[in-house]
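Pasting the structures here.
The two complexes that follow have subunit A in common; it is paired with subunit B in the first and with subunit C in the second.
Moving on, here comes the complex of A and B:
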């Protein structure tokens, strides 16, 4: 009886250590992107994706590396997808770090789009990172990010 | 009346993926700027854009103040049948604008 208890205790310890190690690894993965990007953007992203995991890839974010005028920055997002009735891109969301609001645009597509590509022009208030997240029909989320250097800032200038 | 500029191919083969380009004149005032006496300029943006193909929605976008003035949006769709592609913009202060284009699909 005593022996088996001791055995259980030993087993429990090792399981606890294992869980601790796993939690540590998960925390490290979670913390890494959060440190690179401000909290408000992370919050805005969480509002869209919920608890789902966001994987890097499949999304191509085309935005200039150096921008002279932050008032109009061309932005183009293309997502790799066959765009069939069963496998298509449901939505594309774009976020930024340092504008007054973290959201830029959310577009909703369907299988009728044929090609998951959208272009627009947006504003950037500062040198920062832009993130695009694609929501697929199977419920997975994919992302891409780009760093943009802005010389003339937008959004907050006085008239 | 806001001026709109729409670019849709006049004709297309059935099943072709066509590009649609849209532009509308609008100030897209962010609501974060101040005028010369320090008074906040109220927000005035287009918040929603929808595109329908013969009445069925094919594209929808939620716009935020980060979208540049005179919102320009391009996207793709499959040319399925001849008909009308209609566009609708909605925004602050009751802003509402529509435009449409016809397409012939062979």
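Moving on, here comes the complex of A and C:
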């Protein structure tokens, strides 16, 4: 995560708001069943995006199509952007449908990041859709999604 | 020295045809060129291929490990397809094909007693769709409305004109028909194949030695690997001296396996194994080197009274009710680690190149093996493939972890272009299992002055499977599987008694052994805890164990029905000579209601289990004859665990290494088992797993009835008891 500079104080404010929004979402989820749902993922996305339109494109989401154990799933997101002072990716947000919480990670970037690319590992509780949304400096939102199959290898009763 | 023979597909195919001539593989051999691929029979849809000679090939997604799911699934497709059962054969599509075709065959995992019940709608619809397409093709050819045609036993008839044709004749045209979207399934009352005890499709090949298991795979130019991991789970490998075995015959390479093990690759498995035995290895045994069964037991014992209980079922106010109870009864039980002891040790054969990774293995989850092959090799999923063989036993071992695939891939990566079969020794398999978790249970019951059960507290202390295998499935820090058989409601594992004040909680303590899903999973020890303690309570109030239970089960009619059935058919209440006794047990797990009435005769320390009368209500029974066999088989497994099993730990290591110290029940010890399937309809419960759990508590209660002695710790060999 790139440290913001003074020029981005406004953005720092919005990050706090974002965290507040996320916390709000978290609180809401806690009283609901212990799992996110496609509906709560949409709500979490709305909390970030507001009323703005989200367009498919510019975002390359790289996650394996089939995963053995959802414990450490490799995740890589790259967004097409020149990453100049006037045209850059402000943030990359990742959401999921069925983990206990719908938010996976929010990464805040600036022009000094050089490239809008993030790689990490995350947990997936079950087979589900993962959505990555890029927030651009011009206020537009772009997205990509991927379906990940987590092979359920368990003698588990479906409780 | 790198061994790099040229491995080309043509020689592979020729070699395989010779090696596998007449053998039943169940899968297509990998075909290198598209022309040959096109020769494969056209499918009506993904589930059904009909050959010109009317043979029907049904695609089976799940694994066959002796449980009979292969036949059950085929029955379900054939039922809706309306073909002749005698013409049915099968094929296992590969997980790679499933991924490429957007998972048209759904889930491949074969565990949790889910094979039939989670497939049933999907496969029946597949069969029905194929039938509809075949009929549509015939109708189009005759230029008549579909509604005027009838399909039965592989034939299509246009009733008005009395024209008939067969599936084989129209299959080619059917493949081109638009797949139907509105598919109606038959009413269960019209089933002709489902519900019949048809003979299994895999038995003939198995009795003739034709079946290919993972351990049987032989590919041209194949090398063999023997593997050793640190004897203390969680420990690492420090060093090994390959030079000391450099001159051993047939040895090609000695390779470290990740951070925990070492393998020898050689021209024969025996050369690999014996060289590995002589390889000097230095282990870093890690933090668990001083753990023993005694230290584990002491740690678990603390959890019986600790403040860290995770709640699984709570009703009323147990503390208050116990405080005010006229009489309190308490007991502590303990159930040990168990090993899966699949007859076929863990193994996998891998052919790795940077472009492609292929695995041949016995697995309970083809897709998990595929994902593991991709993760371990670094080759993307679309360029990996897994060919599933028949399993020489699964029981959950081959579902819990695909570790045997991962290590085989890591080893094969050291020999790109050469197939390598990694086969574990029995000792390696026994000491590196994913064990049924160790637990203890303290039970405290409160009775009122009229001897009614008013409060009960079950505190389970012990290992969580999910924490060790799939932490992502924990819920609010709890392992829900721990509470199997204790749930207040739901469709899977409901507690069959009504007690106004109840608390079931779990103090999670995870020793260093890998936990795993052992056939039945947590209901194995939970049923012992619940059902043996129920007998203790009945004795405390001087009531017949059946009557004591009945009083508490009025709100649980399905649990009660299974229990009543075995009591009646097990001659409950009829007199027995001194030294003999009967015992009851009932439980619900994996969606099914199971019960058993056991009758034993005890002479000194010798226990003869004369008979077990069992009942299982799985909602629907696809193949009742197979269900009966599953029950008997599960009793072998559960009683072996009760009398002879029990994995011990010393110096961080698993003590039992082979069948000399971890024995199995023998045919002569097997009781007569009479099973009734009581399908009440309306739900789909499992069969592979729940049935096991009632054998042990029913036998234990019978032993107490016969001798007056109560056993609360297991295995029974620790008390000197033997099955005869």
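Quick note on the criterion: the second predicted complex is superposed on the first by the 114 of 159 C-alpha atoms of A that agree within 3 Å, B and C clash if a C-alpha of one lies under 4 Å from a C-alpha of the other, contacts with A are read in each partner's own complex, and residues count from 1 in each chain.
Rule of thumb we're sticking to: contacts are C-beta pairs under 8 Å (C-beta built on N, C-alpha and C of every residue); 3 or more make two chains touch, one makes a residue touch a chain.
Everything numeric here is computed off the predicted structure, so don't read it as measured data.
Q: Going by the contact rule stated at the top, is it subunit B or subunit C that touches a larger number of residues on subunit A?
A: B
Q: Under the stated touch criterion, which partner chain does A:149 make contact with: subunit B (first), subunit C (second), both, or neither?
A: After superposition on chain A, A:149 lies in contact with subunit C alone.
Q: Is A:123 touching the first partner subunit B, the second partner subunit C, both, or neither of them?
A: Touch partners of A:123: subunit B and subunit C.
Q: May I ask you to decide whether A:65 touches subunit B, subunit C, both, or neither, giving the answer as first, second, both or neither?
A: Only subunit C; A:65 stays clear of subunit B.
Q: Between subunit B (first) and subunit C (second), which, if any, makes contact with A:45: first, second, both or neither?
A: After superposition on chain A, A:45 lies in contact with neither partner.
Q: Determine, under the contact definition given at the top, whether A:112 touches first (subunit B), second (subunit C), both, or neither.
A: first
Q: Examine A:103 and indicate which partner it touches, taking first as subunit B and second as subunit C; both and neither are also allowed.
A: After superposition on chain A, A:103 lies in contact with subunit B alone.
Q: Kindly classify A:134 by the partners it touches after superposition: subunit B alone (first), subunit C alone (second), both, or neither?
A: Neither partner.
Q: Which parts of subunit A are in contact with subunit B and also with subunit C?
A: 71, 99-100, 123-124, 154-159
Q: Would you pull the subunit B residues touching subunit A in the complex into a rising list?
A: 17-18, 30, 32-36, 41, 53, 56-69, 71-78, 80
Q: Show which residues of subunit A lie in contact with subunit B when the two form their complex.
A: Residues 71-73, 96, 99-101, 103-110, 112-124, 154-159.
Q: Quick check on the complex: what are the subunit A residues that touch subunit C?
A: Of all residues in subunit A, those touching subunit C are 34, 64-71, 99-100, 123-126, 149, 151-159.
Q: Show which residues of subunit C lie in contact with subunit A when the two form their complex.
A: 95, 99, 103, 107-109, 111-113, 364-365, 367-368, 370-372, 374-375, 380-382, 396, 399-402, 469-473, 475-476, 480-481, 484, 487, 490-493, 517, 519-521, 589-591, 689
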